[in-house]
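Notes follow once the structure below has been shown.
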Amino acid sequence: MSIWIDKNSRILVQGMTGKYGQYHTRMMLEYGSNIVAGVTPGKGGEKVLGVPVFDRVEEAVAQTGANVSIILVPARFAESAIFEAALSDVPLVVCITEHIPIQDMLRIMAYLKDRPVRLLGPNCPGLITPGECKVGIMPGPVHIPGPVGVVSRSGTLTYEVARSLTNANCGQSTVVGIGGDPIHGTNFIDVLSAFEEDPKTELLVLLGEIGGDDEEKAGAWLKANSSKPAIAFIAGQTAPAGKRMGHAGAVIRGGKGTATSKIESLRDCGVHVVSKIADIGPLAVKILGK
Amino acid sequence: MSIWIDKNSRILVQGMTGKYGQYHTRMMLEYGSNIVAGVTPGKGGEKVLGVPVFDRVEEAVAQTGANVSIILVPARFAESAIFEAALSDVPLVVCITEHIPIQDMLRIMAYLKDRPVRLLGPNCPGLITPGECKVGIMPGPVHIPGPVGVVSRSGTLTYEVARSLTNANCGQSTVVGIGGDPIHGTNFIDVLSAFEEDPKTELLVLLGEIGGDDEEKAGAWLKANSSKPAIAFIAGQTAPAGKRMGHAGAVIRGGKGTATSKIESLRDCGVHVVSKIADIGPLAVKILGK
Amino acid sequence: MLIHEYQAKQKLQEYKIPVPKGALITRDEEIIQVLRKTETPVAVIKAQVHAGGRGKAGGVVVVESLLDGITAVRRLLGSKLVTNQTGAEGKPIDAVLVEEGVNIDQEYYLALTINRSSQCISLLVSTAGGMNIEAKEHAGSIKQYDIDPQVGMRDFVAIRVCQDLMLARKDWPAWIATLQNLYRCFTENDALLIEINPFIRSKEGEWIALDAKMDFDDNALYRHPELVLLQDDRQQTVSELLAAHYDLSYVSLDGTIGCLVNGAGLAMATMDAIKEAGGEPANFLDVGGSATTISVANGLDILYHDSRVEGVFINVFGGIVRCDIVAEGIIRALQKQRKDLPVVIRLEGNMKEEAIEALTAFSPNLEFVDNLENGAALIVQRINERKMA
Amino acid sequence: MLIHEYQAKQKLQEYKIPVPKGALITRDEEIIQVLRKTETPVAVIKAQVHAGGRGKAGGVVVVESLLDGITAVRRLLGSKLVTNQTGAEGKPIDAVLVEEGVNIDQEYYLALTINRSSQCISLLVSTAGGMNIEAKEHAGSIKQYDIDPQVGMRDFVAIRVCQDLMLARKDWPAWIATLQNLYRCFTENDALLIEINPFIRSKEGEWIALDAKMDFDDNALYRHPELVLLQDDRQQTVSELLAAHYDLSYVSLDGTIGCLVNGAGLAMATMDAIKEAGGEPANFLDVGGSATTISVANGLDILYHDSRVEGVFINVFGGIVRCDIVAEGIIRALQKQRKDLPVVIRLEGNMKEEAIEALTAFSPNLEFVDNLENGAALIVQRINERKMA
């Protein structure tokens, strides 16, 4: 078991024919992901890496039964790409693209509200169910299958944590990057809820960072709803106020969104908060009682 | 019994303090409608005709428990008035205002979709449950309580029909004017469904006119879903193609929306279509077996 | 509000949609000057009137010489064009558009319109462009695309259209741009209809709007003062102009019985009843649900101004309206009139007796009836009697 | 992208929001000319820098005579202003805004911002305008209104604000107009923040934006070429400028250890680990999730340019990235550098061995570690060793 993707997922790549799109398509194929279609307007009918390319998502879905889309298009085409996937009834849309204007995202989120489409991202590494399916840009080999569900606002930091777990021989059920933008689709609680219902997931790892109050909300949710132990790490304890730390969402404003507040809040909710990434693997071993 | 409004309805009048608003408020009060509040921005705190005036709908609803709103504001303020009522969770919004730009209505309908708000109109006479409650601008005295449910795209034509029924001593459960604009909220089928579920309503009267295909759809719906007999009258048999007959929606386009097509279609669905309004009362008597 | 083809083409150019090179002629003095600038072997002379069917009515002429051009423009300018949509009077040709000829390779039909059933803007396209679209056998060839108002005319919507029309890939960019610009033109101007027919590919591979029709929402003109300036009063009949001025709903019909009614649905039902009684209505006239002294008086002015009207039927279902107020309007209007027309009046509402008393006192020739059908029958009878007399 | 106060006020004027009468001085020659035009007894001299806290830092001066005015402008123009937000270097004052004095009756705080939690634009208002808003005890006085993107800033939303602020009825129209114009300014320009503090009522009853701050979405600048022109490079440090030019995420900090990391989250975690090891990071620098030869080389250029940097920690979690490509970037950058700084490198990913071999061959002084925490500890140790030496 796992959440949202597994070996049966039928994946569509929006923006597959570009250099970036082709590279990550190849990486996903090498990992074993079941990529059934690519979409690039004007390139329909071609084949890239053995995968048929379509002009529109709706066609691709109709002809291949794709049920996950990964978006690898440049930022100024991303809003349209997300709308297209949503209008084509793709139930899971993973947007890797970064630098999407915030007002584009506001429009998208207003539209997606109450519609049966899950958007992951944007500006995220995607998600991976180790050994089965990768819909993202993370390095496959650092992951092994197992009982730990990971959710993160970050990219490379998540790989780091996955490696720490893997080194400790703690495999992952699914690793989900929700992305570093202030306005995004899937949030911590969506992922944690799915992990809660996944019998395979026994331990939760949450990777947060400064900015916003998603971590605080996640803590409160865990306290109220979760039956599973949780470990957290918050990046940005040394970040100054008022500066954007790379991610558009990683900024402390008006004294809110500091790492300290998040750490304290999570601790108060019974989450094991670690201060070193390297501690996550060993702590997971201990909690799982291996 | 009746549909949507009765003696317990708590009515709010948006645009109550203007000349037009005051006039119809007085008429409704004289009919016995339970008007609990008026709204005119900038006039909050006043009393008009003994009814308290508020600056905003939300306040009025909170303080008076209003659950029906009637909109009597000029066209250029109507879009905002409807949004305001919808955002304030008024479950039934009756918009009398005519001449609202179509794009305003498109925005409103896109917003109301899937929201628990019923909009009646715009450009409609409102609705009346004879003897209990009038939320509209129709003449009260031509109506008497009884078993006939009336739904109409027209205003004065409806009064004419109500009189024909009343003269034949056939009372009405509720009379609903859905309005003559091409883009409107409640449609024939919404009203017919409600009448179908109303045990008091025994006979349906549908008043249509040229333009669109709402009458054809209503016929098909009646055939498939209705257990009650129905009478229909369609205005505009002599109307030329391509010309708007007063109502923005009353226009035959590309050979579609003619009275003949509607009449034939309704007849095919088992509806009694009359060619003279004066025939409606006697026919109703006959059908009801009085 | 309809505008002329040349105005619609200016709008299209504002939105970067190509139209043929052309110029407008409104005075004889401009004919030579404009025609001489035409750089193509043929020119197209197009009468500017608010009506379809111009081609078949001789309002669009292709000329191949300066002489033919001068002749065609002179013939059209200042005359009236009668098409199957204008009625017998026709519409005045106050301006003629002269455009350079285009080598048509393929014609398409392209329109944006309000879709009442899906409550959005819909795009209509067809490969049967030009005059073909009006042929019954092509009606089914029109494809319709509903545009989600929250999503708009996105690339993927336009590409779908290109695919359905089996357009070559190289033509996609021009179509995507055109459809997006057209949609923007529609929403930004509160349009009700924008029709480009035909939208053509020239033999040189260019995409051009050869003809254009636009209709704007009268109710939204208050936010488009620049559109109001495009209004051409001369394309309306005097009766239509009067009605617009008085803010009444009026449509001219072909019959002889003038009708004045309060409410659009009742007005249509009244027309129908007249027809049923064997008469022909001269017009649709709605003086508003709540008829007032002024609206009734103004409405009667319009009917009496119409020389075809041989009798008048006034049908006012008062309800909330006071009949005495309506009576005052009738008296005010008839006092000014010299024509002696039969007038049948049907009044319902408060103060009905007082109203009839006042009207009878004013003129014993006014006749009163109790319902719509009787009124229709009576006015038809009175007109027939006069004809026989 | 931040803009200056005077630029923000020009934007506000485009949107019909009143600002004080004023003029800009960028050269000494303009001082007299501008100051003499001031028609009020007092003038306000405001240093134009991209930083808050100007008032307390002496960047805003109220003067009551021409002499005082000249003195104040001369003192500010061309100097650097150090506020609690600029860091010790301060920001250059290249322009000074001179505004006529206003008789303040009441001050309000007014802002539009992106609300991440409700995923919409939110309006923030408070009766504690001016510098009061920064006081902790007033933080709770800020009222927040989420604006539904499909509905916008309608009258009834603005009226709610007026009621909550207990404004007099006569002031409602000005507030409704201001809020609606401000919202339009925000959405039409892809703003992230528009702050008017204070928004005041003058004793004469006028509503005026006395100060204005605007921040625009860098990611949306491609559709606002006119905003790009407002950018003032001189308000950024050389390192920040370089980073922007190279398209890297960079934030200057107060420490001595330069960090180069791929990925924002990992970069923050790296800073945290340095602090945990007893060091102080000199910067946040993210060369992008997929570090390339060029991004690594450019990033190192920035670190070596910074005179405060005493040692460098490179932390690249390759994953998909090839380590040899990263190594090439390191070598390319270090070849150009004369400074001898301790460099600790942590590399993970494909071709790791080849990369370390190449780097060791290039310079035996480069040190390698296997994880983040060890790397942080080692670079802190090396810097301490050098200090003691």
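Note that the chains take the letters A, B, C and D in the order they are written out, and that residue 1 is the start of every chain.
By definition in this document, a residue touches a chain if its C-beta (ideal position, glycine included) is under 8 Å from a C-beta of that chain, and two chains touch if they have at least 3 such contacts.
This one's a predicted model, so the numbers in the text were calculated from it and none came from an experiment.
A.B. asks: Starting from the defined contact criterion, work out which chains touch chain A and chain C both, please.
C.D. replies: none
A.B. asks: When the centre of a chain is set as the mean of its C-alpha atoms, what distance in Å lies between chain B and chain C?
C.D. replies: That gives a centre separation of 28 Å.
A.B. asks: How many angstrom lie between the centres of chain A and chain B, each centre taken as the mean Cα position?
C.D. replies: Result: the chain centres lie 50 Å from each other.
A.B. asks: Taking the mean of the CA coordinates per chain, how far is chain C from chain D in Å?
C.D. replies: 58
A.B. asks: What residues in chain B touch two or more of the other chains?
C.D. replies: 107, 110
A.B. asks: Going by the contact rule already set, what residues in chain D reach two or more other chains?
C.D. replies: Counting only residues that touch two or more other chains, chain D contributes 150.
A.B. asks: Graph of touching chains, which shape: line, ring, star, complete, other?
C.D. replies: ring
A.B. asks: Which pairs of chains touch each other in this structure?
C.D. replies: Pairs satisfying the touch definition: A-C, A-D, B-C, B-D.
A.B. asks: In their shared complex, at which residues does chain B touch chain D?
C.D. replies: Interface residues on chain B, with respect to chain D: 41-42, 55-58, 80, 83-84, 87, 107, 110-111.
A.B. asks: Quick check: in the complex, which residue numbers of chain A touch chain D?
C.D. replies: Counting only chain A, the residues touching chain D are 27, 75-76, 99-107, 109-110, 125, 137-139, 142, 152-160, 163, 180, 182-183, 207, 209-210, 212-213, 233, 235-240, 242-250, 254, 259, 275-278.
A.B. asks: Can you name the residues of chain C that touch chain B in the complex?
C.D. replies: It is residues 85, 114, 116-117, 119-121, 139, 149-150, 187, 190, 192, 217-220, 222-223, 249, 251, 253, 261-269, 271-276, 281, 284, 286, 289-290, 317-320, 348-349, 371-373 of chain C that touch chain B.
A.B. asks: Residue numbers of chain C touching chain A in their complex, please.
C.D. replies: 148, 150-151, 154-156, 159-160, 163, 169, 172
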